[in-house]
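Chain nomenclature is as follows: A, B, C and D, assigned in order of appearance, with residue numbering initiated at 1 for each chain independently.
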Amino acid sequence: MTPDQIIFLISAVLILVSALMVVITHNLVHAALWLVAALFGVAVLFAILNASFLAVVQVVVYIGAIAVLFVFAVMLTRKELRDRGTQTRANWWIPALLGVLILAGLAYLILGQPDVSRTAPAIPAGVDTLRALGTALVSPDGYALPFEAASVLLLAALVGAVYVAVGRKS
Amino acid sequence: MNFWNDPINFIADWLRGLLTSRGMTTGLSTVILFFIGIVVLIIFAMMLDIFLVWVERKVVARFQDRLGPNRIGPFGLIQPFADIIKLVIKEDITPAGADKLVYNMAPVLAMASVILLWAILPLASKIYGVDLNVAVLYLVAAGALGTLSIIMAGWSSNNKYALLGAFRMVANMISYEVPMVVTLLIPTILANTMSVKGITDAQHSVWFVILSPLGMMIFLISAIAELGRAPFDLNEAESEIVAGFHIEYTGMKFGLFYAGELLHAFTFGGFVAMLYFGGYGVFGLEKFLPFLQAPLVSALIFLAKAMVGYWVIMWVKYSMPRIRIDHLLAFNWKFLTPLSLVVLCVTAIASKLLSGSPTWLVAMVMFLANVVIAWLTIEILRGVGRRQRKVEEHLTSPSSPLVRHGSE
Amino acid sequence: MEKIILWLLPLPPLLAFFVILVLTNKNRALSHGLAIGAAGLSWLGTMIIFVRALGIPQFGKNVIESGFNWLPTGSTWLQIGVLLDPTSAVTLFFVAWTILMIFVYSIGYHNYGQPAGEHDQKGLPPGGAMVTDEHGHAHKVPSVEPMYSRFFAFICLFAFGMYTLVVSNNLLTLFVGWEIMGLCSYLLIGFWYAKPAARDAAVKAFMTTRVGDVFMLLGIAFLYSATGTLSFREIFRPVVLHVLATTVTPFFGLSAAGLIGLLIFIGTVGKSAQFPLHVWLPDAMEGPTPVSAMIHAATMVSAGVYLVVRMFPLITADFNGQTLTPTMSAIAFIGTFTALFAATIAVAQNDIKKVLAYSTISQLGFMIAAVGVGAYVAAVFHLVTHAFFKALLFLGSGSVIHGMQHGALHSGDEADPQDMFNMGGLRRKMPLTFWTFLIGGFALSGFPILTAGFWSKDEILAEAFGNGHWVIFAALATAAFLTAFYTMRQITLTFFGPPRSQAAEHASETPWTMTVPLIVLAVFAVGFGWLGIPEQFPILGGILPNWFHAFVGGTLQTPPTEPLFNFIPLLTSLGVSLIGLFCGWWVYRGVRSPQTDFLQIPLLKNKYYIDEIYNRLLVKPAMWISEQFTYLFLDRTIIDGLLHSVARLALFLGGAFRNYVDKPVINGLIGDGTATVVKVSGFNLRKIQAGRIQYYMIVSITVLVIIAALLYFLHFLLA
Amino acid sequence: MSIPLSWYLILAAALFCIGLFGVLSRKNAIAILLGIELMLNAVNINLVAFWRYLDPSRMAGQVFAIIVFATAAAEVAVGLALIISVYRRRSTILADEIDLMKW
């Protein structure tokens, strides 16, 4: 057990437990807060994976923006916060079974791949991944078009969300 | 390497030697050293915080023509400790309807979001927590945690004032995050890096406040809004919602919020100093006076600059009235955000076009560009104001149908 | 740095176009401020880059070029980019100056600051407004153009097209700019669209230039298929040129280079109004005068010449230096013929702008002829000087017309303000306009030594003479004589003698926004020629170095040598211009009305009846075919007849089907039967349609899992 | 980096299945969105892990992760707007009660 692995396992447990709490807790606000915890764990994983930019963006975007949005939405639809008994559907065992089946299938497939327990190669010396990422995002030979498309998507979503949520003024 | 030139590594090496000589593995000792470093940093920040309580109380007193704490200790310096004792021995209340876990976690998270910032604050060229290559974004990320803590506090208190305060605060913080991020990008562009040390070092010859005075002002304003201090302190507007999101908190939990706010303000003073006022540098004087490069001296310089920033924030807080919530949001979305985007665009284009030019030329052109933007902004504002006044005059003039109708 | 500026040059006018169109349409001051600001930005960029280019040693070899892959075409890319070499640099120089000046001029021309006319409406020229001064007298004064902002939007778009064309490093974006300018030309000629003449002229210009453009596109397509690239510097590599020159095509025995050159040249014929596609340019004078100056004198029609100049290496690819290739002969012939032909028409025109229009056609013919005889530098030189002095002349004529209109409004005179026989004596009324017009006119006539026109025209004549093309030389000399003649005729009729109408009596000088551009352009009309004085010219040669020749000549792979100095062309050009000017003044000093003008020959007056011939030969037959043949015979008789019989047949068959197939089989069995089946099954299956999203998802994911599992096992079982 | 790639993949698969379970089993529409977020994060873990383990010099994985961030933000904004709109009209956000599309 190296320190890396210890940190990974700790965050993996954090992620999985929080994720489970997200899907089974009765209180929606708690679910949203558990989601924050799970996403924070994912940010830690990104940091372990040397993707520092993604780690920080994960915190800014997911925790800072999306989670806040969730909490807001939960609060705006406040009537639903009263606990009406279970928040899970009656036939919850079918999804559970499906989940377990898919997990088993995926695990079987993953572990059956050759060289799946490889370890990460060293990042080539002199490569500044942050700079490389920035260049890749804006250079025409890289991903400038998807990047721009994503920005257009965000704008469209922004306008659409405002339009849908504001509603008609009588 | 000696203590004078590199105190942190000097102590660290000594401790590492101490630990490994007792048969500990290098890995474990490194982990332990990191923990010690973190604890020391936090303790330093908290001690500073206690001092800040005194500073804040003293300064507010002077602004209000009072003396401030002056009974306990010289100049009242021991007063904060008395405050702490008072807070600690108060009854610790958790309201009956509150969501206990969330309620108790919120103040901790609030404090943590501030302490997290200290990890990237470069006190001197050799005294800093980490030199992240995404430090500028990290600053925003820590702010996001602060937002979260306020939501948690407001929601879990099960109090409508707390919830209202939280809503206001979150609207405020999310809105002002936009100009703040934009103005954070200005030093990033100018220094070509997001690392705080890189940004500090890039200001050796000329501080970024010269290159982008508007950027500095916008950053300062949005930082004050981000802190939720006057004139943006709607979250705790006592005349409307009593105390806002921390209405139900007592004792040390309240103390954490309070201390967190003070330390946050000081930290942002530090960030203003670091991003726009050359950090621990002194006009490039350190080239001629080597003793200024000594880490402890430059740390003092940095803290002094941060204190100046903190003082400006206090100055604003104690001399401005609170503004209305719709004005607050309109000010951000209709004025600050467009202006910051314009400044960013101009800075980006100018720095690209002028890359390779001598420093004095860059500084002059950038400064003039900022002056021109400021002038244009003032002109536009004047035009808008004139139009609004005309509309108002029309509405209130005796010939207006509204007025006539009202008088009948 | 230079590359970035070069990329950015066309953008300000485009942005201004959109902003004016979308946002500031209502605000005149903001609109023209934006337009001029944009033109000024582009001008500034041009000047910066021009000065920087001057500082580059051996600029013809070390050009500024930048490009990127734009459109994937199979395995290769279509590249677009920008290029600045000496030729485009000098072109850019005059384009920037003339565009900026004409933008400024347009403010005054469209009566900015004047009240709106009571009866003005969109699509018609402003008709004047009544104002009452402080004494209570009512005056009629010029009124502001109703579509003021739209005009500036259009010329901004035009400027974008022109800049794009000049900075392009390939035929593709050049063609884009070319067509944008064609569109703008159409829009601006028909700017006063409620005037039938303007509307018809716009359509005519658009259709006529389209003829040329089609051939040009063919040429570009051929070039692309032959070389796989459209970038100039790719095409002009000696290897590529050699291949093109040695490829034989099935058309008239031309080489590929010759054929492509000819096809592209036809585009020039359309754009630069060369015979036989010249007919649109005189009619285009229906547009506002700044448009005539900018589009139809200085920039767009010059773009045609610019194109052949650009393609010069291709056109001369199989030129051995002595005998002209068929393509070059065709170009030289068309140019020379047009120069002479248009000059003869110009002497009999009475409309001040029509004279200038034919003069433009004639001068463009000079340049084309120069390219045709291989005189690269002379063509570029005349292109630049002509742009300056012809823009000056057009703006001057606009100023004259404007002054006349002012006088007409003031005095209530209904006389045509563009007819030169209604003018006279304007020398005293509009001194600034007179002097600048005189400078422009002398430059056009090639007044010796002083003016730019002399040096450039002399160079063309010298090249034609030096290379031994006697006929061309003689024809061009005659054309030059006619040029001087009709120019002086115009000046005499317009400015000298007594006023011949009330309007001319009350004409007044135009505002500073119109006169300042005149002065600036006059400076260039005189001064620019001194940059290209031949080295061997007696006395003057060598005082100033022949900078222009060295600079522009460097564009070519092998810089051309100056022609040997000879006194015959020099004396010829001296003689024709001085004698022509003198004759023009002598003959017309006493002419007062068209009746006493002996040159009002119907043949010339009616432009050799070319419009009528085209009408008879092309328009009428086309109308006849569409009416008689296509509509009455083909459409009504054959196609409709067929359709009707098919319809009758279908009706019969339909009835049969209905009674014997449809009713019993389809309705009874299939129709009702299907419905019953659907109804029964739907009734039983509707329970699946729960309307609950998660239910659907569970079902689909279950199926997905099953299919995945099946596929996986089948894959392994079968493999 | 001594962590085997398979650990990440298994973790991501587990996170994905938990999210899927949430999407399929929760009544509340907002809770369903929470589940979707978990699934998207599982995808991101995979993308970044593959980037790091296969070829760190090509940035495709990180770029995709960023696009997923943007998409997730857009999806949440629109999704929540829809939920609020639905809540305003029908005053419910239980997915089972939003069933106008049934027979």
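Note that a contact is a pair of C-beta atoms (placed from the backbone, for glycine too) under 8 Å apart; a residue touches a chain by one contact, two chains touch by 3 or more.
Values in this document were obtained by computation on a predicted structure and should not be read as measured data.
Asks: Quick one: which chain's Cα centre is the longest way from chain B's?
Replies: Most distant chain from chain B: C.
Asks: In terms of CA centres, which chain lies closest to the overall middle?
Replies: Smallest offset from the overall C-alpha mean is found for C.
Asks: Using mean C-alpha positions as chain centres, tell me how far chain A is from chain B in Å, no decimals.
Replies: Computed from C-alpha means, the inter-chain centre distance equals 28 Å.
Asks: Averaging over Cα atoms per chain, report the distance between chain A and chain C in Å.
Replies: Between these chains, centre-to-centre, one finds 57 Å.
Asks: Where the centres are mean C-alpha positions, what is the separation of chain B from chain D, in Å?
Replies: 33
Asks: What are the residues of chain D that contact at least two other chains?
Replies: 20, 23-25, 96
Asks: Hunt down the residues of chain B that sit against at least two other chains at once, touch-wise.
Replies: If we look for residues of chain B contacting two or more partner chains, we find none.
Asks: Would you give the residues of chain C that are in contact with at least 2 other chains, written as numbers and ranges?
Replies: 694, 698, 701
Asks: Could you pull out which chain D residues touch chain A in their complex?
Replies: Against chain A, chain D makes touches at 1-11, 13-28, 30-31, 33-35, 37-38, 41, 44-45, 48-49, 51-53, 56-57, 59-60, 62-63, 65-67, 69-78, 80-85, 87-88, 91-94, 96.
Asks: Applying the document's contact rule, which stretches of chain A touch chain C when the two form their complex?
Replies: The contact residues of chain A facing chain C are 89, 94-95, 98, 101-102, 105, 140.
Asks: Would you pull the chain D residues touching chain C in the complex into a rising list?
Replies: Going through chain D, the ones touching chain C are 20, 23-25, 32, 95-96, 98-103.
Asks: Taking the touch rule as given, give the residues of chain B at its contact with chain A in the complex, in rising order.
Replies: These residues of chain B touch chain A: 27, 31, 99, 102, 132-134, 137-138, 140-141, 143-145, 147-148, 151-152, 155, 163, 167, 170, 174, 177, 194.
Asks: Would you mind writing out the residues of chain A in touch with chain D in their complex?
Replies: 2, 4-5, 8, 12, 15-16, 19-20, 22-23, 28, 31-32, 35, 38-39, 42, 45-46, 48-51, 53-54, 57-58, 61-62, 65-66, 69-70, 72-74, 76-77, 79-80, 87-89, 92, 94-96, 98-100, 102-103, 106-107, 110-111, 116-124, 127, 129, 132-133, 136-137, 142-143, 146-147, 150-151, 153-154, 156-158, 160-165, 167
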